[in-house]
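The following pair of complexes shares a single chain, chain A, combined with chain B in the former and chain C in the latter.
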Partner chain A sequence: MARVEKTGWLMDVYTRPSGELVCWLLSEDGQRWLLPMDFPVTFYAAGSLAVLRQAWRFLRGRGVQLSRQVRRDLFHGERVVLSATLDLPGRLPETYRRLAQAFPVLDYYDADLPLSVRFVAGTQVPLLGRCRFETDGQRLLGLQPLESAWEMQPSLPPLRVMEIECDAEPALHPPQEIVIRCDRRCYRFPLQPLRAFVVNLQALLGTYDPDVILTRYGDTWLFPFLSEHAPSFNPNRDEQMKVEFRRERSLFAYGQVLYRGAQALLFGRWHIDRCNAALFAEIGLTGALEMARVTGLGVQEAVRKSPGAGITAMQMQTALRDGVLIPAVKQQAEATRTLVSLIRYDRGGMVYQPLVGVHRHVAELDFASMYPAIMVRYNISPETLYQRDAPAGLIPRTLQPLLVKRLALKHCLHTLDRRDSRVSDLKARQTALKWLLVVCFGYLGYKNARFGRVESHEAVTAISRELLLQAKENAEDMGFTILHMYVDSLFVKREDTRTEADFLPLAEKIQAETGIGVTLEGVYRWLVFLPACRDQRIPVANRYFGVFEDGTLKYRGIALRRHDTCPYVAQTQLDILSCLAQADDPREQWKEAWGLVNQRVRSLQRRQAAIEGLQMAVKLSRDPQAFRRPSAAAQAARQLQAEGVAVRAGMRLFFWFTQQGVSVAPPAAEEVDWDHYARLVLRAAGEILDVLQPVEKKQQYYLPLLK
Partner chain B sequence: MCVLVCSRERVGDAATHLLVELALRGEALAIDGGNRLQAYPLARALRERTNRFDFFCQRVLIRRAFTAYQLLALLESLPLLTSPLVILDPLASFYDETLPVGQARWLVQRCLQEIERLKRAAPVFLLLRTCPLPQRRFLQDMVCRQADTLFYEQEEITSFVQPALF
Partner chain C sequence: MGRTVPTITRQLNETEAMLQTFRRTLRRGDQALLDGLLASAHRHLAAISASGALLPFEAALLAMLLEQARRIAALEEEIRIFQEEVVRLRDGKG
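Right after this comes the complex of A and B.
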């Protein structure tokens, strides 16, 4: 084939077993290309010169180009390093592993970077970005970017999507039937006989040649099952590759135990398991593409990993572009401090306890992306700590375009009508960026963050507390009463203010004084701050419900927001809120709301509620054998284990309350503990309604229902 | 080197008591390897023992390490001290499953070499929590073998608990 030039999109990069890099490209004429490309990669080692000399001897003759260089470490400044370049990127992990094993005393840099991040930084072509490429049909000869990752309206590749679903949850029941949707057609195949199913699936893959395979339980069941029972089946577009399986694991992150199921990754097309992709339910394919575009992580990685991995990848790109070394492990420890200093500075965001009760015409003002904005504005980065007038640090430079793009998308959303067809895509994209911004602050203090430092983390919260106090003073100067403050938002009211226009001068003043963008979330027709369940006199931060002037509900910290609330109880609470929202004052609708509760409880007592609505969900906080009490979660875990299901900490379990305890299988109506569900409904109702009326009035509603 | 092996929950309490006693006698450096230092209980315990709270608070110096590599870097960076050194839960980050076993062993050896260096100048106390992973128990054994004085605190045996009737 003669040399041709095409325009299209860079979809993904990966390495073949031979170690060569392959680019998956989609040209504008609809052709899919899997083209190997020359892409040498380099990693570095630093340490004592004597050991470096030994490392040099160790690597000599192993197909590695070696040289002595001086490179910049973010913390140590310029360092003499041994540079090792490999022509085949796939060989780097093994070479690094052997070297690190032989010379653990050396510091290693740029040694464990995701290949796609390296590629994006090296070529300036973002994943999913438009590009021009040259090929002779065998290899990729040239690649130029035509679009940046920060494009507001990036061109989208025409993707072919195939959806595969099974008819049962494989952990509980072996699926019998597989449903495949592609190009507006729907196919149903029995799983047995397996040979017939595999032939049909292979035929569909050949016919439709999808770019994306969306599955349910594809990671944890379908592909492992097919790999075991039909080893010759290959769902990859690249026939030289096999499915890559990664093992399941439980980890502790964001203050909770998380479970990551096994993963099945494809080459030349993407596989996304809806049940095993952390953010996919929220951001969808559009959001996933946006995340891959800005982070440089492949789509399959971006949807499965936490947003923290995305932020790290972005920091790596900045470091690679700036020629800053990326350490394989973080070694900077905290400086010595006194106990007083620890107590004074190691704090979180500012919380100003709410005034419990019903409030009318309340405005909620939010600092827009407060923590990232602080990091950018105040140049907070590990290397700029304790420095005045330092040039922009690595973290602010990474965050700046992200922040700008997210605010622009948000602004664009505000200007569009809700029914506009672009709204859902814009929302998905801005949510994807929001998650990256949300975690960027936590990653400053995260132990494994390459460019994190706990002192920088503390600096951000210190500044945020100061800014919130400044905002409070501004509001009070203008005659507002502060009802509640929570980290980056404040709730205010004043006798004579009703509409958004009345609150805008305050928002503008705070923005001008603090230098951080302030948005008016909205004006509540009424807002209720809830007390603690155990003591009505104690306020609880960030626990409220209210209705905006346009009738939109907002609620935080109530059963409806909890993941372990069953749908029936959640729906009841939502209906109560909708009932209250009809009035100008929720107290006026109190009796009607109790009428609704009455109806729901009676429906349970008559066993008329659908079983599906009573399914409880709980996330296992530890491995089943570590439970000390027979809680519902422990019982459900043991039942599943008895059925042969491998249960691990962080997994989400589903069960029903029954007369005998709990059941992980849907129980018959006579087995369900209906009274328990009635109590849950009453508790959820009381959570909202108790604060609206005095105690003595409540009794007359509660007691008959409990009977 | 004095080593106390106790439950995870007890590390914080033991550190609080030890640091209060040391602070009342002079300066002490605490290296926290597992985020076990309880700053507020420590401050309260100090206040119970003295009315010169600020003065004694200045005597407790703290450095935190969040990874095994940080702990090693921190120990390497310490000059020979004249005041006691208390290391809380030093192996916590070595139990991280993302740290290869071989690497963990090498890091513990290096940390012990550094502790050996430091203990020549000042007393060193290690407060270890009982190893939660049987496959990494050898790390705890490595540390215990190096101890001059070793205390084991018996762990409370926990099993399935009968729920209360009323």
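Right after this comes the complex of A and C.
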């Protein structure tokens, strides 16, 4: 084939077992290309010159180009390093592993970077970005970017999507039937006989040649099952590749135990398991593509990993472009601190306890992306600490375009009508970027983050506290009462303010004073701050419900927001809120709300509620054998284990409360513990309604229901 | 995350737990008053935290005093209104 030039999109990159890099490209004429490309990769080692000399001798003759260079470490400044370049990128992990094993005392750099991140930084072509490429049909000869990752309206590749679902949750019941949807057609195949099913699936893959396979339980059941029982079946577009399986694991992150199921990754097309992709339910395919575009992580990685991996990948890209070394293992430990220094500086954001009770005509003002905005505006980065007038640091330079793009997307959303067809895509994209911005602050203080430093983390919270105090003083100067402040938002009211226009001067004044964007989230017709359950006199931060002037509800910290609330109870609480929202003051609707509660409790007592609505969902906080007391979750876990299901910490378990305890299978109506569900409804109702009326009036309604 | 020092809410809760024997020894009526005092400190968690004190309970005591002062000021205002009303009634202007 003669050399041809095409325009299209870079979809993904990976390495074949031979070690060569392959680019998956989609050209505008609809053709899919899997083209190998020359892409040498380099890693570095630093340390004592004597050991470096030995390392040189160790690598000599192993197909590695070696040289001595001087490069910049963000924390140590310039360092003499041994540079090792490999022509085949797939060989780097093994070469690095052997060298690190032989010379553990050396510091290694750029040794464990995701291949796609290296590629994007090296070629300037973002994943999912439009590009021009040249090929002779065998290899990729040239590649130029036509679009940046920061394009506001990026062109989208015409993707072919195939959806595969099974008729049961495989952890509980073996699936019997598989449903495949593609190109507006729906196919149903029995799983057995397996040979017939595999032949049909392979035929559909050949006919439709999908770019994305969206599954339910594809990671944890379908592909492992097919790999075991039909080893000759290959769902990859690249026939030289096999499905890559990664093991399941439980981990502790963000203060909770998380479970990550096994993963099945494809080559030349993507596999996304809706049930095993952390953010997919929230951001969908559009958000996943946006995340891959800005982070440089492949789509399959981006949807399965936490946003922290995304922000790390972005920092790596900045470092690679600037020629800054990326340590394989973080070498900086926190400096010794005095107790007084810790007490003074090791504090989080400012939280002002709310004034408990009902408030009318309240405005909520938010600092837009406060922590990232502080990092950019005040140039907070590990290398700029304690320096005046330092050039923009690595972290601010990474965050700046992300911040600008998200604010622009948000602005665009505000200008569109809610019914506009572009709204859902814009929302998904801005949510994907929001998650990256949310975690960037935590990663600054995370002990294992490559470019983290706890003092920078503390600087951000110190500035945020100061800014929030400035906002409070500005509001008080203008005669407002501060009802509540929570890290980056404040709730205010004044006797004479009713509409958004009345609060805008305050928002503008705070923005002018602090230099950080302030948005008016909205004006509440009424807002209720709730007290602690243990003592009605103690206020609790970020626990409230209210209704905006346009009738939209907002609630935080109540049962409705909790994942372990069953649908029946959640729906009851939502209906109570909707009932209260009909009035100008929620206290006026109190009696009607209790009428509704009465109705729901009665229907439980008459066993009229649907069983599906009573299903509880609880995340297992530890492995089943580690439970000392037989809690409901522990009982459910043991029942599943008895049925041969592998249960791990962080998994989400589903069960019902029954007269005997709990049941993981749907129970018959006479087995359900209806009184227990009635108590849950009453508790959820009391959570909202107790604060609205004095005790004696509550008892009049509450006590008869308990009988 | 980089937080090493426990939050101010946790520190106050721990102090309250330490005071349980003290509380138990009080008369039933006094226990309710103590609970009210401790609860009032929770309204000023941000200020107690901002004080950066080595012993945050000192700042918590100040917060309790502040709440007492606020209560006294509110009662004084009520008394003033009542007194004005009494004077008005006595002078036959009611």
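FYI, the second predicted complex is superposed on the first by the 707 of 707 C-alpha atoms of A that agree within 3 Å, B and C clash if a C-alpha of one lies under 4 Å from a C-alpha of the other, contacts with A are read in each partner's own complex, and residues count from 1 in each chain.
As a convention for this text, contacts are C-beta pairs under 8 Å (C-beta built on N, C-alpha and C of every residue); 3 or more make two chains touch, one makes a residue touch a chain.
Remember, predicted model here, so these are calculated numbers, not experimental data.
K.L.:
Consider chain A as the common anchor and indicate whether chain B and chain C clash or fit when overlaid.
P.N.:
fit
K.L.:
State whether A:Thr338 touches chain B only (first), chain C only (second), both chains, or neither.
P.N.:
first
K.L.:
Considering only touches as defined above, state whether A:Met485 meets chain B (first), chain C (second), both or neither.
P.N.:
Only chain C is touched by A:Met485; chain B is not.
K.L.:
Based on the superposed arrangement, let me know which partner A:Gln153 touches: chain B (first), chain C (second), both, or neither?
P.N.:
Touch status of A:Gln153: no partner.
K.L.:
For A:Ile538 in the superposed arrangement: first (chain B), second (chain C), both or neither?
P.N.:
second
K.L.:
Kindly classify A:Val454 by the partners it touches after superposition: chain B alone (first), chain C alone (second), both, or neither?
P.N.:
both
K.L.:
With both complexes superposed on chain A, which partner does A:Arg629 reach: first (chain B), second (chain C), both or neither?
P.N.:
first
K.L.:
In the overlay, answer first, second, both or neither for which of chain B and chain C A:Asp346 touches.
P.N.:
In the superposition, A:Asp346 contacts both chain B and chain C.
K.L.:
Calculate the angle at chain A, using C-alpha centres, between the directions toward chain B and chain C; round to the nearest 10 degrees.
P.N.:
Result: 60 degrees, to the nearest ten.
K.L.:
Contacts for A:Gly442 in the overlay, against chain B (first) and chain C (second): which applies, first, second, both or neither?
P.N.:
A:Gly442 contacts chain C only, not chain B.
K.L.:
Pick one for A:Pro104: touches chain B only (first), chain C only (second), both, or neither.
P.N.:
In the superposition, A:Pro104 touches chain B alone.
K.L.:
Once superposed, minimum distance in angstrom between C-alpha atoms of chain B and those of chain C?
P.N.:
For chain B and chain C in the superposition, the minimum C-alpha gap reads 5 Å.
K.L.:
Find the residues of chain A that appear in the contact set with chain B and again in the contact set with chain C.
P.N.:
In chain A, positions 334, 339-340, 342-343, 346, 447, 454 sit in both the chain B and chain C interfaces.
K.L.:
So in the complex, which bits of chain A are touching chain B?
P.N.:
Going through chain A, the ones touching chain B are 100-101, 104, 249, 329-340, 342-343, 346, 447-448, 454, 628-630.
K.L.:
Please name which positions on chain C make contact with chain A in the complex.
P.N.:
Per the touch definition, chain C meets chain A at residues 1-5, 7, 35-36, 39-40, 42-46, 49-50, 52-54.
K.L.:
Quick one: which bits of chain B touch chain A in the complex? Just the residue numbers, please.
P.N.:
Touching chain A from chain B are residues 29, 37, 39-40, 42-43, 46, 54, 57-67, 69-74, 77, 93, 97-98, 102-103, 106, 158-161, 163.
K.L.:
If you look only at chain A, which of its residues touch chain C in the complex?
P.N.:
334, 339-340, 342-344, 346-348, 350-353, 442, 445-447, 454, 457-458, 465, 485, 535, 537-539
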